[in-house]
Amino acid sequence: MNSGILLWIILLLPVVGSGICQILRSPKNVMNFVCFGMALIGILEVVTAGVVFSRNTIFSCGEWFYMDALSAYHLIVMALVFCMSSLYGMRYFDKEIHEGIFTLKLAKRYGTLWFASLAAMTLILVSNNLGMMWVGMETTTLVTAFLICTRASKASLEGMWKYLIVCSVGIAFAFMGTLFIAAATYKFQGSISGNGVLWTQLKIHAGLLDPKLAQIGFLFIFVGYGTKAGLSPMHTWLPDAHSQAPSPVSAVFSGFMLNAALYCIMRYTSLIKLVPGNENLSRNLFLIFGTLSIAIAAAFILSQHDLKRLLAYSSVEHIGIITIGMAMGPLGTFAALFHTLNQSICKSLGFFCAGRLGQIYGSYDMRVMTGALRLSPLWGGGLLGSLLALIGIAPFALFMSELLIVKAAIATNLIWVLVVFLLGSCIIFAAVLKHVISVVYGTPPVLDFKPRCSSIVDTGIVVFSLGVLLVLGLWMPNSLNEILCRAANIIEGIDVATTVCVK
Amino acid sequence: MHIEKIINPLLSLVLAPLLFGIINRTKALFAGRTGQPLLQSYYDLWKLFRKGAVYSKTTSWVFRLGPIVGLSVVIAATALVPSGGLPAIIAFDGDVILFAYLFGLMRFFTVLTALDTGSSFEGMGASREVMFSALTEPAFLVGLAAISKQTHSLSLTGMLAVADTALWSHIGPVQLLVAFSVFIVFLAENSRMPVDDPNTHLELTMIHEVMVLDNSGADLGFITYAAAIKMWLLSTVLVGILVPHNGNAWIDISTAVAAVFILAVLVGVVESSMARLKLLHVPQILLIANALSILALILVLR
Amino acid sequence: MSFMTNLVDTVIILFILTNFMLLGSSSLRRCIRVIALQGILLGILAILMENGTPTIHLILLSAAIICLKGIIFPFLLIRTLRDLNVQHEVEPFVGYGTSLVLSPLVLVVCIWLGSQLSLPMGVTSSLVAPVAFFTITCGLFLIVSRKKALTQVLGYLVLENGIYVFGASIATIQPVLVELGILLDAFVAVFVMGIAIYHINREFEHTDVDRLNRLKG
């Protein structure tokens, strides 16, 4: 069987799903369908990833679709995040459905846009044609914009508008970068013969790219996709969009959409490293913007009152960490990729807990939220666990990946970067811990309704996430090790496994 | 031949008041009236020159000097402008700046006479006039600088007498941009709509009219005549930018004169179809003229 | 030079003039009409840039551009404008006069930038790349310095136009399919933004983005 057909399936199924959402009859049905449809697609995605790992690469559609270890790894992360969010979303909207706020029209819109964003993100991952990858990225912006203002309020509309404008401008810059890179191919464009800029072709001929044009192109790409990824100083849309969107959407944003933008940057990094004269360009850019992100995130977390904004700034910090990791050679890239998985799971869990607690308390203001552990042991405990993991407490997986990054920093002699990273992490550690303790412990306020008992599903989500984080922190399975090595290979262009030592 | 050299100033001195007549007639046609006779301005000037002047007690010798200086300066300016392929009487490198500043001198004296009357009414008109001219001068000079760069000549004679069809097809857009910009300057300097209404005598809307409110008799005659010649000279410059010439002196001169008349008709059309702009918007349109001139210069320089 | 160069030059100068008009005009309706004109010029430019005889693909693409950017986008925007019941931009952060005078200077900088880049020129005029940068800068300027949400959408459209001119200026080999995909994205973007503005207006009763400042920190 032609394995290329799998790529078509995982791309088209979400589109079909979004169509089906339009004809369902009740909000509850829509949410259930989202969950089960997503589960089905998720399984298929994992199967596809497995096929990619076994065969090394898959091509399809005349070389326009392509998957290798890097895209397959991200596919797994996407499947995980989307499945968890869909499962969580099944119960999250119960209260609003009950009160009639979450009407059928809103639910249908939500479901359609949810699947459409999945389709767009899948398009990013399966594209070989860099232009098509850009189209996918732009589509995610447009489609997720209305997911933010699912509940129309002044604040959510403002957040959505800021997101729309800032990200559209960023994506426009990314398009400029794509054009520059395409222009840089004039020395060998004859052999591409009107097929567009294919990443695989560019990888082969990277040495022939015009250095100056490629340099400017990469700069635009970095700034453009970096806006979508949440790198400072282009992160201004992030706190507003994340704090105003409903929790499943925030989880998808932080859990995968930021990673998708970084994935695009990674693809271009692997190209620019091979262009003569530009080997250090990506490294310098990563270091500058990464450390800036960590510093700014630390500064803003200190003065936060809103729980979801706190989590959003934490995303900025972690994206910064991933970025500086990628600048630190093979070991750093390995650690950065590992960190993307950990950050996705942990941040998703954080948003899930924040969402439920917000529903219980009626607000996300941390000065109002106290005694969460007593009010709802499951979600309070989940919040505690996820926030502790986010700030890097051992033995959770984030600690391990950050430790690897520290090791890589020392190995590549980037001491100043290391200092900024540790300083930022310490500040965030202290600030978040203070907030966590005040939110989770203490006496809960008297509420006018009793929060219902958590269901099996909810318990399962929390336990599963924390469990995975714990397990990965203590033990790196060989298969994951190998997957990460192969993905890092693609970025670095050299054989990573020989230089990486993992316990 | 000497006759060739003085034919331009002669034409401008004789035919200038006809322009007012053409403009007024065009406006009347648009309004559905028959309008004044074409030679009305000549009759008005003849009447004014035979009248006595009345001078206010608050004025001084400046008030009597102003109109005379204005007229003499403009007549001097006629010596600088070429037309119809014939060179001007006086031509030297940089005479375009002298040309612009002769008008500046005339404006200066008009403003002085206005301020000399001690009336706040005229002071208001004077301040508006000066503000607008601060914006029109750069537009005019930069536009002509662009033309000068193209024609590789620093003198008006070199710039305006050489438009020909070959040059047109080469850099047509630049000519058009400069012509449009100079047209806006023309409307502003000659106090035409949409910058200023020459027929209004309402307090808040006068700009040029208010400055000469206190002049009478021969002085007013000088001022009116000088305004006519100024309009003729600026039309000649505008026409010189656009109209190609083809070598035969008589054809060129008649073409130039005809083009000036057509320009007068065009001004009449513009005046009939546009209302006067809000005073706050006038600087905007002058800045547009500036932007167009700068754009033309950029296009020539690259 | 050939007739073609002159034609391309004229279209480009008209393009620059549309940018000037956008920067200097406060009436939203006029801005939308100017953007329609810009879209039509863009379509014409797309055909003129091609060396040799244009393929059927290119003609279709050019027709699509003229249709979308010249007719459909302005139609959508004018409809949004009618719903909003607003006619004029409020006084922007950088005044109209200042922006008008600054714009030729920005054009000079862009021409300098264009000369610095040694782009593979498959085109007939050296003004194209600088005008592309200039249009992009004008678009960004509109987004940043204006106060109405609709003007920000117009700025985004101008930005996209500029990027498109730039794309047409370098001899790229983007297949027509991707070009169409990009056009479609622009279409959906405008559509989405229009709906967003409608919602904002309904909730806030104004569309001054300057006053959207609840989310801080």
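To keep things simple, chains are lettered A, B and C as they appear, and every chain counts its residues starting from 1.
Heads up, the rule we're going with is that a contact is a pair of C-beta atoms (placed from the backbone, for glycine too) under 8 Å apart; a residue touches a chain by one contact, two chains touch by 3 or more.
Bear in mind that the values here come from a model prediction, so they are computed numbers and not experimental data.
Taken chain by chain, the contacts run in an open path, each chain touching the next and the two ends left apart. Distance from per-chain Cα centroids to the pooled protein Cα centroid is smallest for C.
Chain A and chain C have centres, each the mean of its CA atoms, that are 32 Å apart. For the pair chain B and chain C, the distance between C-alpha centroids works out to 38 Å. The distance from the centre of chain A to the centre of chain B, with each centre set as the mean of the Cα atoms, comes to 67 Å. Contacts with at least two other chains are made by no residue of chain A.
The set of chain C residues touching two or more other chains is empty.
Chain C meets chain A in the complex at residues 117-120, 136, 140, 143, 149, 152, 156, 159-160, 163, 166-167, 170-175, 178, 181-182, 185, 188-189, 192-193, 195-196, 199-200, 203-204, 209, 212-215, 217. Contact residues on chain B toward chain C in their complex (touch as defined above): 169-170, 172-173, 177, 283-284, 287-288, 290-292, 294-295, 298-299, 302. Partner chain B is touched in their complex by these residues of chain C: 1, 6, 9-10, 13, 16-17, 20, 24, 96-97, 100-101, 103-105, 107-108, 111, 126-127. Residues 129, 131-132, 134-135, 138-139, 142, 145-146, 149, 152-155, 157-162, 164-165, 168-169, 172, 175-176, 179-180, 182-183, 185-186, 189, 192, 194-197, 212-213, 216, 239-240, 243-244, 300, 303-305, 309 of chain A are the ones touching chain C in the complex.
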